[in-house]
Amino acid sequence: MSYSLQQTSLLAPHLGDDELTALFSTDADIGAMLQFEQALAKCQASAGLIPQASAVAITSSLKSPKLDHSLLSGGIGRDGMVVPGLIAQLRSVLPTEARDHLHFGSTSQDVIDTSLMLRSKLAFGILAARLKATITDLNHASNQYGKNQLMARTRMQQALPIVVADRIQTWSAGFQSTLNASQNLKFPVQMGGPIGTLRNDALKKAIAKELALDVIPHNWHAERSPVVALANAASAITGAAGKLGMDVCLMAQNEFAEIALSGGGTSSAMHHKQNPIGAEALVTLARFNAVLISAMHQSLVHEQERSGAAWTLEWMVLPQMLVAAGAATRLTMQVLRSITKIGS
Amino acid sequence: MSYSLQQTSLLAPHLGDDELTALFSTDADIGAMLQFEQALAKCQASAGLIPQASAVAITSSLKSPKLDHSLLSGGIGRDGMVVPGLIAQLRSVLPTEARDHLHFGSTSQDVIDTSLMLRSKLAFGILAARLKATITDLNHASNQYGKNQLMARTRMQQALPIVVADRIQTWSAGFQSTLNASQNLKFPVQMGGPIGTLRNDALKKAIAKELALDVIPHNWHAERSPVVALANAASAITGAAGKLGMDVCLMAQNEFAEIALSGGGTSSAMHHKQNPIGAEALVTLARFNAVLISAMHQSLVHEQERSGAAWTLEWMVLPQMLVAAGAATRLTMQVLRSITKIGS
Amino acid sequence: MSYSLQQTSLLAPHLGDDELTALFSTDADIGAMLQFEQALAKCQASAGLIPQASAVAITSSLKSPKLDHSLLSGGIGRDGMVVPGLIAQLRSVLPTEARDHLHFGSTSQDVIDTSLMLRSKLAFGILAARLKATITDLNHASNQYGKNQLMARTRMQQALPIVVADRIQTWSAGFQSTLNASQNLKFPVQMGGPIGTLRNDALKKAIAKELALDVIPHNWHAERSPVVALANAASAITGAAGKLGMDVCLMAQNEFAEIALSGGGTSSAMHHKQNPIGAEALVTLARFNAVLISAMHQSLVHEQERSGAAWTLEWMVLPQMLVAAGAATRLTMQVLRSITKIGS
Amino acid sequence: MSYSLQQTSLLAPHLGDDELTALFSTDADIGAMLQFEQALAKCQASAGLIPQASAVAITSSLKSPKLDHSLLSGGIGRDGMVVPGLIAQLRSVLPTEARDHLHFGSTSQDVIDTSLMLRSKLAFGILAARLKATITDLNHASNQYGKNQLMARTRMQQALPIVVADRIQTWSAGFQSTLNASQNLKFPVQMGGPIGTLRNDALKKAIAKELALDVIPHNWHAERSPVVALANAASAITGAAGKLGMDVCLMAQNEFAEIALSGGGTSSAMHHKQNPIGAEALVTLARFNAVLISAMHQSLVHEQERSGAAWTLEWMVLPQMLVAAGAATRLTMQVLRSITKIGS
C-alpha cells in the first residue's frame, strides 16, 4: 500500500504532510516488505523450518538490494501488485539453495498487510505525538486566554456568555478522545500463507516480536476489521481537528473577531484580506476523510479467502486517510501557534 | 432520535427488525426522555437542588402522562425537535410550584442525547446477544460440516483445497471482532445544561447510576465521538454479516453448490429458481451502512456549542444504521439455520 | 420501492414531506404496480398477445382489489420483494382462463422498476413546481430587497460590498440549474421480461404511452444509469437548497443580522433565542443526500442479469433521497416566505 | 486543481492512467492557468480594457516563463492555493506598466476554475474516444461470440439460457449511456472577478471562444453544479466499467468458465492461478468513485461568495475521479482485447 497523493502536487505544501507521506512512498512500502521477509526468514530458521544458512543469505541480501524499478512496474501492471515481481527479483540474486527459502510458506498478502501495519504503527506514533502536543498547546492557550469572555453559540445563534476555557475544553476533549482511541489500536502481523489457513502461532509471535507488531488470534486476510479500525481512527483525528477548524473560521469572522491569528492566506485580488486558510483546510480534511471512510467500510464485504477488488480499494484509500490525518494534526498545531488572541 | 424507517414499508418484513425498530419509535424515544426527566428530578432532589415534593410530583406525573401528539408535532415543525413542546405539555399538568423543577438546569440536548444512549444501550444488548448466538450457530455448523471439503478461492479463482471449518473460522472471527468492539462501547449520560458547560460530576454520576448509563469526563454536546463510535460498531456488524452473505451467495451459485439452503425466495416469472435472498440482503445492509457511516463522520464537524445541522444529521442516520445492524443479525441467524449442507 | 421514512417519526413534521412521502408509501407503490399490470394487459390484448376478455377481466379486477396485507408481508419476507405474493393474490380472484394473462411475459423487476418511475415522475413534477415557485419567490425577494447593501464574503471573511440582488442571483442560479437538470430526466418504462431480453419495442411504446412514461432503447434491468440520474437530480436539489440554507444561517448570526426571519425555533432552556431551524435543516438535508448518493452509484455495479443486492440497495436509498428533496424544497419556500428583511 | 495521485506510487501501472494523470499534473495545471491569463489579456486588450502593448507583453512573457517552484510551494503553504504567488512571480518579470494588466479584474478562482475546465474538457475528450472504442470493441466481440450460449443469471442463480450478444448488449448500453452523458457536459469559462459579480458577458464569451470553452449564464464561483456534473459523469463511466468488470470476474470463475482471457495476474504463492486482475480493478475503481462522488455533492454546500473549505475539497477529489475514469476505460479495453472466448 503506497499511494503518495499529496506528495507531488500543487496541494502538497498546504494539504500534505511530509512525514506521513514518506511512510506511504514506494520506497517505504518496499522497505517494510523487505523487513517482513527478513524477519520471516530469521524466525523460520530459528524454528528449524528453513536452514540457518538460507536465513543468513536472505537477511544479508535484503539489507539493501538493488531493484530494477521498471521491472517492478511491469510486474504491477501484470499482477495487480508488486510482490510476485519483487520476490522474483530478490530470489534471482540469492544463492540457488536459498531461493525457495525466501517468502517461504508466505503469500503476497502476508507481505503487503504486514508492510501496511509496520508503517501504520509509525504513522500513529507520529500522530499520537502530535495529538499530545496539540493538547499541550490547548492547555497553554487555556492558561493564557482561558478567562477571557466568549459568547457561547448554539445553532449559530448567541446563547449565553462563557469563558474561552470552556470552548477550549471541548476541543481538548475531542483530541483526547481520539488520542485514546489511537492508543488502543492493534497493529497485527499477517502470516496466514496462500489462503490464510496457516496457524503457526509460535511463528506469528516470533515475527511479531521481531517487528514490534501485535498478534491477534485470527488471520485477517478476509476479515478486515483491523484495517477499518485504522481508518476509523484517522477519521476521528480529522474530525476533531475539523471541529476546531470550523470554530476558528467562525470566530475569525470580522464581526466576531473572537480570535486573532498571525499569518493567514493572501488573496490575488483583495489585498486587505487575511484568510484563515489553515482552519478552513481542517474542515476540508475532516470532510475528505468522512467521505473516504465509506470505502473502508465497503471493503469489509470481502469475497472468500481474498478479494482482489475489496483489498485494492483499501490501497487506494487508507494511505490518503492517514496522510490527511497527518496534515490535520500539522495544521492544527500551526493554527494554534498562530493565535495572538482569543476572546475579550 | 426516532426515525422508524424499516417499520412502515414493503421492505420491513425483509430488511427491517421489529425489536430494533421498536427502540427507535416515537413512543420509545419519548419514553426514554421521560425516564431522563424523572431521574434528573430524583437526583436533583437528593442533592438538594430542587424540593423533594417537586421530585415526587414530577416522577409521579411522568409515569404515564397523557400527551397531545398533534401538539407535539406542531412543536417539532416550529422548534426542529420535540423537547420544548414536550416540556411545555408536561409542565402544564404539574402543580405550579413544581413546574420550574422539571427539566431544571437541563437543555433539550441533554434529554435527546441521553434518550439516544438509553435506547442504544438496549440495542447493543440485543445485538450482542444475537452476535453470541451467531457465533454459537457457527460453532454448530463447524461441528456438523467442518471436515467437509471446500475449495479456497482468492480473487474469485480456485486456490487450494480447504475444509469448511477454515472458512467458518473467518466468519466467526468477524463476528467475534465486532462483538468485542460492541462490548467496549460507552453509553454516557448527557447533562451539560444549555451550553454544555455544567460540570456537576456528582449529579451526572447519580443520573448515570439511576439510568444504568456510563459517565465520561466531558460533556459531549459538541464532541460527538461517543455517537460516532456507535455508528462504527453498527457498520462493523453489518460488515461482518455482509462478508458472510457475499460468501453464501457465491457458494450457492448452481455450479458451485457449496452450500444448500432450505426456503429461499421465489420468482414471479421463473418457478424453478431458489433465490438466496437472505444472504444477498446481508450484502445490501453492509453496503447501506458503509454509506451511512460517512454522514456520522461528517457530523463530527460540529459548530460551536451546538450545531443544529450536524446534530440533526445524526438523527436521520444513526437509527437506520442500528436497525440495519438488527436486520443483519436477524438475517444471519436465519441464513445459518436454513443451511442443510456445506461443502462436500 | 416504498420506504416511508420521514413519515412515522418525530422528525416528520420537520424533515419530512407529506406529498412526497405519500408517493413512496406502500399503497402508492402497490397502486402503481396495479397500473402497470393493467396497462400491460391492455396493450398485450391490443397486440393480440392475450385475449381481449382476459384484459377486460384483469383491468376490472385490478381497479380496487382487496388485498390481504399480512399475506403480502409474509411473501416479502420469503421472496425479498412483494411481487410474487401480490401476483398470486391477484390471480386467485381472476377467472381461471385469465390468470396466466396477468403479468404475462413480465417479471417482478418490470413491475417494480416501472412503479418506481411512475411515482418518480410525479415526484419530480412536484419538485419542479416547487423549484419554479422558489425562483419566483427569489425574484420577489430581489425586487423587494435587491438594492440593499450586503457584504460579500469569501473564505468567511469580508471581501467587498455587494447588493442583496447579487447573492440572490447565485441562489437562483442554483435552483435554475437543478430545475433544468430535473426537466431533462427520463422516466422510462421497464418491460424486459424475466431476464431482461424481451425486445418488443411496439409493446414497450404502447405501455409507455398508456402510462405517460418514456421509452429508452435498452432494457435497464442491470444498467442502472436511469435510476442514478434521479438520485443525482435529487441531490442537486438538496445541494442548491443547502447552499441557500448555509448562507441564511450565516447571515442570521446576531452580529451579522443580514437577514431577519419571522417564526424560528424556540429553545427549551434559553427563551431569548430564535433558531433558524429551517435554514439549518436545509444544510442537513444537503449533507444527507450527499451521503446517500454514494449508495446509488455503488448500485451501478450490478451482477449479471439482475443483482438482488444492488437493486435492493436502491430501494433503501432512493425514496429517502426524493423525500429529502421534497423537504428541502418545502423548507426553502418556508424560509423565503418568513424573510422580513435582507441586507441594509 | 492538480492532484497527481496514481502517478507516483506502486499502484500507478495498475490503477493509474498516464494520459489522464498528465492532465492533472502541476505542470498541466500551471500551463492551463497561463493559457487563461493570456486569453484574458488578449480579450481585454481587444475590448479596450487594457493597453494592447500590455497584452503583447503578457502573452509573450507567459509563453514559457521561468518559474521558481520552491517559491510557488511557499506561496501555496501561505495562501492555500498557487495563484497569488504565481501572479506575483509572473508580474515581477513584466514591464512595470504591464504588471497591473496581468490578471486584471480577475481573481484566483477565475484562474483555477478555468484551468480545471480546460483540462477536464481534454479529459472527457480522451474518455469519450475510449468509450467509443470500447463500444466498437464490444460490437466486435458480439460479432465474434454473440451467438454462443450463455446462462442468464439473476440474483446470482441460473435463470434461463441467453446468447452472449444479450449480455454484451447490456454492457454496451452502459457505455453508450455514459458516453451520451459525457457529450452533454458543459465546460464553462469562469470570469467573475473577486467576488463573482463581474457580468461582462462579451468578455466572457471572447475568453471562452479563445479557449474553446463554454459559456453559461451565471458565474459559478459559489454554485458548483457544473463541477458536480463532471464528477457524476466520471462515476457513471467507472460504474459502467465496474458492471462489466464484475460480470467478467463472475464469468471467469473456474466452474463457470464462461469467459477466457489471455494474460492475467500471477500469484507469489500459487503458480497455477490466473487472476482476472483487470476485471476486478474495474470493480475497485467503480466503488472508489462511488465513494468520492459523495465529497463532490457535499461541496455544493458552499458558503457565501466563496467557500475555501468546500472548494478545496473539490481539488482533493475531482482529479482522482477523472483519473479513475481514465484507468477504468483503459483497463476495460485491455480486458476486452484479452478475451479469447465468451460463452460456448
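Which chain is which? They are A, B, C and D, in the order written, and residues in each are numbered from 1.
Assume a contact is a pair of C-beta atoms (placed from the backbone, for glycine too) under 8 Å apart; a residue touches a chain by one contact, two chains touch by 3 or more.
This is a predicted model, so every value here is computed, not measured.
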>> Strictly by the touch rule at the top, which chains does subunit B share as contacts with subunit C?
In response: A, D
> Equivalent interface to A-C, which of B-C, B-D or C-D, with over half of contact pairs matching by residue number?
Replying inline: B-D
>> Averaging over Cα atoms per chain, report the distance between subunit A and subunit D in Å.
In response: 27
> From the C-alpha centre of subunit B to that of subunit D, how far is it in Å?
Replying inline: 39
>> Residues of subunit B that contact two or more other chains, please.
In response: 154-156, 159-160, 194, 249-250, 265, 267, 270, 275, 277, 280, 283, 287, 291, 294, 298, 307-308
> For subunit D, which residues count as touching subunit C in their complex?
Replying inline: 152-156, 159-160, 162, 166-167, 169-170, 173-174, 177-178, 181, 194-197, 217-226, 228, 232, 235-236, 239-240, 242-243, 245-247, 250, 283, 286-287, 289-291, 293-294, 297-298, 300-308
>> Help me check something: in the complex, which residues belonging to subunit D touch subunit A?
In response: 2-15, 25-26, 29-30, 72-74, 76-84, 87, 103, 106-108, 111, 193-194, 249, 263, 265-270, 275, 277, 280-281, 283-284, 287-288, 291-292, 294-295, 298, 307-310, 312-313, 315-317, 320
> Any idea which subunit B residues touch subunit D in the complex?
Replying inline: 154-160, 249-250, 252-256, 265, 267, 270, 273-277, 280, 294, 298
